[in-house]
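In structure tokens below, several structures.
Each of the two complexes below includes subunit A, the first together with subunit B, the second together with subunit C.
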Partner chain A sequence: MSGYSILVDTSKCTACRGCQIACKEWNQLAGTATKNTGSYENPKDLSSDTYKIVRFAEGQGANGKAFWHFFTEQCRHCLSPGCMAEVEEDEIVVDEKTGAVVYTPKTKDLDFKATLEGCPYDIPRQDAKTKVLTKCTFCNDRVGNGMLPACVKACPTGAMTFGKRDEIVAAAKKREAELKKDFPKAVALTPDDVRVIYVLKDDPKTYWKYAAGR
Partner chain B sequence: MTNHWIDLKNSDCILIMGSNAAANHPISMKWVTKAKENGGKVISVDPRFTQTSAIADFYTALRSGTDIAFLGGMIKYILDNKKYHEDYVVNYTNASFIVGDKYDFSDGLFSGYDPKKRAYDKSLWSFKVDSKGIPEKDAKLANPRSVLQLLKKHYSRYTPEKVSEITGTPVEDLKTAYEMYASTGTKDRAGTIMYAMGWTQHTVGVQNIRAMSIIQLLLGNIGLPGGGVNALRGESNVQGSTDQAILFHIWPGYLKASVASLPTLDEYNKKFTPKVADPLAANWWQNYPKYSVSLLKSFFGDTATKENGFGYSWLPKLDDGQNCSWLNLFDSMYDGKIKGFFAWGQNPACSGANSNKVRKALGKLEWLVNVNIFDNETGSFWKGPGEDPKAIKTEVFMLPCAASVEKEGSIINSGRWNQWRYKACDPPGDAKPDGDIMIELMHEIKELYKKEGGKFPTPILNLKWDYVNDKGEFDAHKMAKELNGYFLADVEVQGQKFKKGDLVPSFAFLQADGTTSSANWLYCNSYTGKGNMMARRNKPDPTGLGLFSEWAWCWPVNRRVLYNRASVDLDGNPWNPKRPLIKWDGKAWVGDVPDGGWPPMSDKEKTKYPFIMKPEGFGYLFGPGLNDGPFPEHYEPLECPVPENAMSKQFINPTVKIFGGEMDKHFTCDPRYPIVGTTYRVTEHWQTGIMTRWQPWLIEAQPQVFVEMSEELAKLRGITNGEMVKVSSARGEVQCVAMVTTRFRPFKLGKLTVHQVGVPWCFGWVTPKEGGESANLLTPTVGDPNTMIPESKAFMVNVEKLKGGA
Partner chain C sequence: MNVTRREFLAISGAVGAGLALSSLGIDLGPAKAYADEVRIDKVKSAKQSTTICPYCGVGCGIICYTDTKAGNIINTEGDPDHPINEGSLCAKGSALYQISSNNPDRLKKVLYRAPGSDKWEEKSWDWALAEIAKRVKKTRDQYFIEKNGKGQEVNRVEAIAHIGSAALDNEECWPVQAMMRALGLVYVEHQARI
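Entry: the complex of A and B
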């Protein structure tokens, strides 16, 4: 599989949310009305106005000290996208050059529920008015023009990197091995199945309920 | 910063304390991450487990306001275990100096304290000098009156157990943090500190920094790449505003403000020009008159002559001892002593400590001019919560100004890098660049003085005010050149000939005879005959240390790391050859611009000591200049949860000014306010949120004021996560969303359990409607005795469920 991939090394993420805002900026998505519900995490869920959210998860680690895990949630751009099970024509297409899984306006004709259920990561959402399904575009419009995805470009720490798929997969596996020295549970999440590969220091469930899929 | 942002990557151990850099200086983490990739370790010490703590190799907590206890314990650990860099300490610090007989310290007080004045006679803390006036030294550091021995004695009391009882930090955690950081005392390692308002906004703010400076000197970390003492400035150009003296007590370039008892320029220059007997001391401030006269020539141009003291007498003078800092300013305003106020690019109604008092004070003004890009709580104070617009007589003017991208000019970052920026677009509507507003305003004032005379028109009429282009608009290049300075006559300096009108190549060429001008000697070298140095964009990095010496320009004279001559041994070889910041090649220094070009210390004839800004030339372990003592000592915050100071009988810093007005209430160890409170910022909102609260994406991510509290405290108060609660102090209250978190934990102080909460200060009533208010409604009117920065980071509050809901 060629094309591109994104590595999300959560061990370097500081939850600045530059990626979340950059996604809104590039895709010109509206800021929605929110309330603080006792967490930094906001908005509370993906929507047709939000393709990407930094999830904040906290708790008490084995050493008795607090942990605070950050997980910048977005479409994984699966190599065999489960969300495409219902596709008949070109409602959802895979860009052969980049590998991006792209939702077209024709997704308005898809069964939203079935599409959502096909996604192990709970990613697709539906625009209530137009019925068009939405999610992260892999910034295919930027990538196709030689630019980095907006989220990757905004990341100050290098937690998000973008590159040729084989290089990113190798980097993910290397990083997993490095982190395992200090964090035995460290894991690169299914690098052979997805284009957006997360590397975590701990059990995926301590990051986000769908981090490793349903 | 003694160093700069990129240099963080060179560090072997980064202590982040008094700062939540990940949230408030997000880009800094790029370089912290690089340091980690190079094998460096990160220690996060904070009352709350923060975004910074999340990426740290080691985290531990301390109670707000107890940093000196924590750091004092580290000093003791370094000394007891001989972790210090001995060659550095002996040769580059004042460890070997003998302190005079009158210095003493007993039970929390240094010698010379006058309880009536709440001040010390600092002359008692001076060094012992020989017949020539040179400080006596003991290179063996054994003399009981040597600085090192006195330091040892002072911090002998800071045992891990005592420190833990004060800070609430577990003893084991103290040892781990001390061991990790003290490992940088070897020649081949460098440690650095990233701090911000978490250290400065205390009644012991300056001494917090001093304590860390002592640690850095002991470990030989000052002057080294990956070392230094690094203040993370909270605004993009606040370093610039300090350099240009937007403060009452200094003139541009950190020259002293003039005072009434120094009526002539000669007296002024004499007072502030140190005389030093030791020929090996560079004593850089001996050049003081060159800088002060060049500044006066810049202010007054041709009207400043030798005969009239270059116009010195035209400048306003402080009364001796007069302090016009923020808290005093608003205290006077509250008392009705101030007529008018320009709130320029700021929002004191939310940013000022004890903001209720600030808001009341604004109502005592005759006029208020609010210069900003948006409406804010300051300009609209008169229609704020609880105000009766009919009862307020203050006339308010709103002047819309250009945003940063709508004008050309320079900004100077925390690392002292002065970077030129170009204008991207025109400001909207009637908005004007600040420079144009100032130019126009001063032209009008000059016209009025010309027409009407007035009490003292001379300084106004003589002010040189020609920083405009052909169209009469503010010209950032003219201003920048003025800051750099000109030759005002054809002269020869140091064998070089210059023509009248030439730009001065560097401050080494400034003169005290009126033949040069410079509006800020530190910026001399920034805009020279070679062009606008700040606009440079070249990227060579020959040392590999990230100096990028041809990218923009930094003060002084493009020196990227201050005190860099302490990064080498006596022969001029880097302590760590793998990170060669500068190196003596036998004839000259190679690498960064050195702190003076003199040969290394082994050349005992021609060398100069490396700490050139200190009169004796040595780094100050013993620092006799501050108002509250030559060694940092732990005192409790003005408002604190404990009945006494576990370290001494002296409860609070004995030199703080106590404000006694009706709105300055403070309660310590009071059952009504039993919880330690602190304030902070969030990534999404900038300062009081003036620029960010109008931005839908940012307000979506961080919509409302909240109070973070431990699960234990929430249980005590019957509070559930996400419900509305009231946080109150002796001075005000803020309704907040409760954020119940395991990231705050109760502190065990001996037998006492103390809770702490934190509230961000970035919200305000103007927008958004349900965003809530600023945490500064809670903070006290008390400041550090040296800087008067308010103690916003440690005070006492209560937290209650909001009756009836919100």
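Entry: the complex of A and C
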């Protein structure tokens, strides 16, 4: 499978949220009114103005130790996108060169509920005014012009890397093996199914309810 | 396997120039596709100039993309050639675009909250500058310390503090610092450290 992929090594993420803001900045999305809910996680959910959000999860692990997991949520750009089940023409297209799953303005004619249900990761959102469906674009405009996706470029810790798909898949599997030495539950999330591959140190459910899909 | 930022520029040659979306040969509809195209094209043809992130002491390098026709900044992002951040930025640095002049949410008028009041009032710059000057002079005249307890000449003002600004660059901070020191201030601080 050709095209590109993004590796998100959450073991290196410090939750600075540089990626989240870089995404907003590049896509020129409006700010969202936020409030303090006792977590640094803000805004509370993805929306037509927020394509990417860092999820903060804290709790007590099976070993009795406290954990604080960070999960920078975005579209996985599936190889077989479930959100495309309702597509009749080209409301949602896959760029063959990059592999990006791109929502076009025609998504306004799609059934939003059905499209959302088709996504295992609860990613698509709808613009209330235009009815257009929105999500991460894989920065397809940037990638097609020799630039890194805005989130990957911003990442200061190297938690996010971008590259040719086969190399990223290999890197994800290698990192999973490395982490397994110290974290037996470490897992690379379905590298053969998605383009945005997360490597976690723990059970995906302790990161975010839809981290590994519904 | 880590693809560095520079290497990516090389491998991406395979993708070819031009917008990937348009190569699909389908009509993406007017609005979004047009917006994407305009933005990436504008950024590609923009004048690039470098600056240093004003927020903290790390000093990350940032590239400002200026649309020379419109004369405004249209994008800011990390400078891959800068030795400190190598193109990366944290949330604050990534948000630098918001302090450019084309952010519609920026305050454009002086807001004044009187002592004891819980409301902001709009005021003119002339009023604000005259009022600041008047109050600085009054407080400085009243509390100016020429000599300390040991009789040494110190010429300082402890009754006024200056704070700011995280949106100033190094060159702008210099005149601020020089002026505040000239007044005799010793409490000169910057909110990015607080």
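Note that the second predicted complex is superposed on the first by the 212 of 214 C-alpha atoms of A that agree within 3 Å, B and C clash if a C-alpha of one lies under 4 Å from a C-alpha of the other, contacts with A are read in each partner's own complex, and residues count from 1 in each chain.
By definition in this document, contacts are C-beta pairs under 8 Å (C-beta built on N, C-alpha and C of every residue); 3 or more make two chains touch, one makes a residue touch a chain.
Keep in mind that what you see is a predicted model, and the values were worked out from it rather than measured.
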- [ ] Name the contact category of A:S11: first (subunit B only), second (subunit C only), both, or neither.
- [x] first
- [ ] Go through the superposed model and pick first if A:K173 touches only subunit B, second if only subunit C, both, or neither.
- [x] neither
TODO: Mind working out whether A:K131 is in touch with subunit B, subunit C, both or neither, as first, second, both or neither?
DONE: neither
Open item on the list: If we overlay the two complexes on their shared chain A, which of subunit B and subunit C does A:T104 touch? Say first, second, both or neither.
Closed with: second
TODO: State whether subunit B or subunit C is in contact with more residues of subunit A in the superposed arrangement.
DONE: C
Open item on the list: Quick check on the superposed pair: does A:V143 touch subunit B, subunit C, both, or neither? Answer first, second, both or neither.
Closed with: second
TODO: Pick one for A:E58: touches subunit B only (first), subunit C only (second), both, or neither.
DONE: first
Open item on the list: Looking at A:E25, would you say it contacts subunit B, subunit C, both, or neither? Reply first, second, both or neither.
Closed with: both
- [ ] Using the superposition on chain A described above, determine whether A:S39 touches subunit B (first), subunit C (second), both, or neither.
- [x] first
TODO: Would you sort A:P156 into first (subunit B), second (subunit C), both or neither based on which partner it touches?
DONE: both
Task: Overlapping contact positions on subunit A, where the subunit C interface meets the subunit B interface - done: 16-18, 20-21, 25, 31, 156, 158
Task: Residues of subunit A that touch subunit C when the two form their complex - done: 16-22, 25-26, 28, 31, 90, 93, 95-98, 100, 102, 104-106, 132, 137, 140-148, 150, 153-156, 158, 161-164, 167-168, 170-171
Open item on the list: With touch defined as at the start, can you tell me which subunit B residues reach subunit A in the complex?
Closed with: 22-23, 26-27, 29-30, 32-33, 49, 51-55, 59, 682-684, 695-704, 706, 721-723, 737-743, 745, 770
- [ ] Enumerate the contact residues on subunit C facing subunit A in the complex.
- [x] 1-3, 5, 8-9, 11-13, 15-21, 23-24, 26-33, 36-37, 39-40, 44, 75-78, 80, 85, 87-91, 93-95, 97-98, 105
- [ ] Provide the residue numbers of subunit A that touch subunit B in the complex, in ascending order.
- [x] 11-18, 20-21, 24-25, 30-40, 42-43, 58-60, 65-70, 156-158
